[in-house]
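Across the two complexes that follow, subunit A remains constant while its partner is subunit B and subsequently subunit C.
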Partner chain A sequence: MLDQLVASLTDGILLGFVYGVAAMGLTLIWGVMEVINLAHGPVIALGMFGTYLLFTHLGLNPYLALIPVAGMGLLLGLVIYVIAVQRVINAPPLSSLLSTFAVNMIIIGVCTAIFSTSPQNINYSLGSLSVAFLNINYSRLIGALGAILVTAGLYSFLYFTRPGKAIRAVANNRAAAELMGIPSGQMLALTFGLGTMLAAVAGGLIATFFPFTILSGSPYELKSFVICVLGGLGNPLGALLGGLILGFLEGLIPAFLPVSWVPVLEFGLFVLVLLVRPTGLLGEPSK
Partner chain B sequence: MKRLLVLCSVVTVLGFLSVTVMSPAPALAAAKAKAKTETILVGFTASQTGKLNVESVRQLNGFHLWMDQVNKAGGIKLPDGTLVKVKDKYYDDESKKERVQELYTKLINEDKANFLISPYSSGLTDAAAVIAQQYGRIMITTGAASDSTYKKGYTLVYQTYTPASKYLTGAVDILMKLGAKSKKIAIIYSNDKFSTDVVKALKTYAEAKGFKVVMFEGYDPSTTDFSPFINKIPQGVDAVMGGGHFADTTTLARQLYEKKVKTRMIALLVAPPEPKFAELGPACISVIGSSQWEPLAHFTQAAAKKEGLPWFGPSGDAFVKAYKAKYNEMPSYHSAGGYVAGLLLQEAIIKAGSTDTAKVKKALDGMNLMAFYGHVKFATSAKDHGLQIGHEMVYIQWQKNKQGKPVKQVVWPAAGATASPFVCPAPH
Partner chain C sequence: MNFWRRPGFWIPLAIVAVWGGVVLLVHQDLMRETAFILLMAVALASSLNILLGYTGYVSFGHIVFFGLGGYTGFYLLSVQGWSLIPAALCGGLLAAVVAGLVGAAVLRLRGAYFALATIGINEAARAFVSNFGPFGGPIGLSINFSAYQKYGGAGDALWYTFIFLWIITMVILLVSYLVKNSRFGLGLMAIREDEDAAMVMGVKAPRAKNITFMISAFFPGVIGTLYFFKNGNLEPGDAFQLNMSIEMLVMVMLGGIGTILGPMAGAVGYQWLRGYLLTSPIFKNLQLAFAGAILLLIILFVPAGAIGWVRHRFRRLQRVLE
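And then the complex of A and B:
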């Protein structure tokens, strides 16, 4: 029983790192722009397809493929921002919600027409590491390592660079930031670009573990909402922590209950955190 | 001069007669030929996209091969000499149950399909069968093994596949032959209709044979991460069985391999007999799967004679050769299923001597034959009308050939086996 629990927790926590990266994109956009990006799931799936296409057609190592995928994610985010978000950013929240939902439907529709909804798979196995009774896939270990690097990079960007500090300033008080000469429009565009970049990178990492379709981003989008609420909005470390908690639960619950109970308890936790600590674990308590 | 006039008159009269008497002959012949040609429309949906597309496209290919062969031969020849040509009309159901009923209604009402073939999978077929029965169209089902569809009182739905309740029970027999140690089995299955039917019957059978089912857990068909299930497999189980359809079962097989699960046997549904399963490489070796038909399985005219059954259709070798020539790949049992669905309809139309639904239904009810696909006979009682009661499964195992590449071998039943089954891990 203990063996099973440890194996299950290890798998869950390693996956939790990648959940964290997926949620970072959502939490950044939500926290800075107060936009709930419903195109987050399809962008994760686009990251999967980007990695897949670079691997199958150009023979690029899937982990190296994450670099161009990140670049394309950033560019896509800027395009989505200019076309669908910029004009509704000051409108009531429902407008941006509907606008990003429309982008979600467009991406799914176009990609279904191009790729169909047949499952795709990156046929690239690194094998597994055996330690005593544990068998850990190297791909999950690399995924976790990648997630740590991405978190460190994003944290450094936000806290130690001028554009990062500007983004935080815009998140804190957009009017005051503008008075200080910060071009808030550019910062918002950059934030949206970074958010989609993170989603695409998370998708690329997930594609190295599991088969996928253009609809595969949806479960990660839902998990990202739970993680954002758990970790607190706009905080990359909070997102990583939230991802790890979710991964821990996904490892813990199946050891005692049927796997079908996992979403029930995950979303139960979502409601509970909203009720008890709506600003999340690392968010400042509401005054 | 008078003689000349008489001669001219005779020639004129004969010429006139030849025109009037001879000319209607080709017209009559043409009219007769026209009366002897008929065209039927066979309607169905196929999962050209979505999670069922691998199996469904093979099924579609099999059906198209049959249709092409029939039409090239001039059509289905009825006893009265009428030639029945076959046309098809199909739509992509996107592997979605909710699309199926709408599309089958369209096939019947707008496209005026005379006969129906089922979509691929039990879930989709169950949805389509209601429409077929409701609108009074015969439906030959293929790729639809679930028993329950045929126990709903339908009278026009006929099953080609061996029912789900017999799908994996032979794996227990193989395990007994290999020598069970702990007598424990773990069953991980897709919680769709077909897979659930299969594993329920499997569990009952295994328990009746003295095995203990120590894990019995279903997963959502869209699952891609099987580690929560694999981590729960108790140590020392004799076998891991279950799965669902191609996409999820292939992922399950890959992850069982990556997780280095220690067990003596892995027996999974649907995916292993597919030639594409070999793309898993080392992860496919030793996996056992049940198959409705295999190219290696020898159902021949001699076997039919031995069992006192009439033979119908091409030989297995001829089917494989024609399929490979047309699609440049080996047929799977899904391909054979698609072909046989057409073949059974053809035989029933010939026996009925007509394309009339009531007459064809009567012929199907009385059908008891052997084809390259095996024995075919339908239940006709009110409680399970249309259920397949003649056909039996064969079991394959992926083994290595001399070059170390994956090769599929028939390992059960022993009489038709091309190799002996072995326990996991694969011998080197």
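And then the complex of A and C:
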């Protein structure tokens, strides 16, 4: 019993790292421009398909494939920003919710026509590591390691480079940043690009664990909402923490209740956190 | 009662009345099915508009009330053997009570936080119902065919359901008009423009928002029961579709947010477009992408929706179209 619990917790927490990366993209976009990106799920799915296509057609190692996938994610984000977000960035929240949802429909619609909705699988196994009674898939370990690297990369970008500092300035106060000569439009576009890039990378990592379809992004999008709110909307490190908490819960709950109760508790917790502490665990307490 | 003389009041009602009347007179099954889907869209969009259009609160998971009401009503119909009207009204009441309880907490959140919370509530409700034994868990419920006998067979039961939906739709339009043109509605619109200022001016915002949330949840609950009674079965996946929720928002935006005729026009327009895209040989595979593109164009370039645009463009029509 205890063996099982430890095994399922390890599994859940390792998965939580990857959830964290997906949520980081969402939370970054929210923090800088207060837009909830409803096209997040399809971009995660595109990341899965990008990795899959590079692996099956070009024979690229799935982990190496993450690099071109990240580049494509960044570009895609810039395109989405210019087409759908730029015009509604100062409009009421409904506009940006619906415009990013329209992008969601377009991506899903086009990709369903191309790939159909049959499940795909990346057939690439690394075996597993055995420690005492634990059996850990190497793919999970590499996924968690990748997630830590991505977080470290994002933080060094935001804190030690000029564009990163400019993004933080825009997030802090757009008008003041503009007065200091920061091109806020470009920074917003870059942020959106980074957000979708993180989603695509997370998708690529998830694709190495589970089979997927073009619709597989939406559960991760919903999980990302939960995670972002747990960690505090707009706080990337909070997103990683939230991801770990969610992964931990997903490992813990099945030990006591049927697996189908997991989403009930997850979304219940989500609503509860929104009500009690809408700024999240790492955010400033609300006044 | 001088609003009987106002065209903005009777135009939407007259359209629905004549429309339903014609369907009843022609008495054709196919026509009734089409009219049922369209009227349901009109009714759902209009009831969402009571919250969204007047208070500006974006309920992204409004379909949760359709699902919960539908489940309650359907449970009373199929398991407890109630007849349709009390079951549907109970479904609506339960939806309103849930909205009242949930709203007391969630309506404190503003803007995108509220929208996120409603998504969470919908997902939580779906997951809960999938685990809830009396509602059939993941398999859902289905109706015993003999339940239709009470109304003189399945065919007549469907007509009966249609008439009920027709009347409910007119009631929703009436309520929507009354709310909009009352002192209460004025308070709601003040909340939409600036909630803090409205409260300073003496609008009891928390109570007003909560009542509005309950009103706009009641009708989807009733309609949910009717819809699933017509279908004969329901599953958690059908009852809490987030996509349907967003479709409702799209209909409201398409027609014109905060107007009475707008959600009606938007609902009919959206369903027509969808039907056209689904059946046309060119767009069949890409219908979702195409609908998305149209939605994007509307949000970016005509944010006031069709009716809003007409009202803005032709000032004289403002007195006619509400």
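Following the convention adopted for this analysis, the second predicted complex is superposed on the first by the 286 of 287 C-alpha atoms of A that agree within 3 Å, B and C clash if a C-alpha of one lies under 4 Å from a C-alpha of the other, contacts with A are read in each partner's own complex, and residues count from 1 in each chain.
Definition applied: a contact is a pair of C-beta atoms (placed from the backbone, for glycine too) under 8 Å apart; a residue touches a chain by one contact, two chains touch by 3 or more.
Computed from a predicted structure; not experimentally measured.
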### Query
In the superposed arrangement, does A:Ala84 touch subunit B (first), subunit C (second), both or neither?
second
### Message
Looking at A:Ser99 after the superposition, I want to know if it touches subunit B, subunit C, both of them or none. Which is it: first, second, both, neither?
### Response
second
### Query
With the two structures laid over each other on chain A, which partner does A:Gly109 touch: subunit B (first), subunit C (second), both, or neither?
second
### Query
Among the partners subunit B and subunit C, which is in contact with a greater number of residues of subunit A?
C
### Query
Does the superposition put A:Pro258 against subunit B (first), subunit C (second), both, or neither?
both
#### Entry: First (subunit B), second (subunit C), both or neither touched by A:Phe270
second
#### Entry: Which superposed partner A:Asp11 touches (first subunit B, second subunit C, both, neither)
first
### Shared contact residues on subunit A - subunit B and subunit C
112, 258, 260, 262
### Task
Spell out the residues on subunit C that touch subunit A in their complex, using ranges where they run on.
52, 56, 58, 60, 105-106, 108-109, 111-113, 115-117, 119-121, 123-124, 126-128, 130-131, 138, 246, 249-250, 253, 257, 285-293, 295-296, 299-300, 303
### Residue ranges of subunit A in contact with subunit B within the complex
3-4, 7-8, 11-12, 15, 112, 116-119, 121, 123, 125, 127-128, 130, 135, 137, 209-213, 216, 250-251, 254-255, 258-260, 262
### Query
subunit A touches which residues of subunit B in the complex?
48-51, 53-54, 94-95, 217-220, 224-225, 227-229, 231-232, 235, 247, 250-251, 254, 258-260, 279
### Message
Per the contact definition, I'd like the list of subunit A residues that touch subunit C in the complex.
### Response
30, 34, 36, 83-84, 87-88, 91-95, 97-99, 101-110, 112-113, 222, 225-226, 229, 233, 258, 260-264, 266-268, 270-271, 274-275, 278
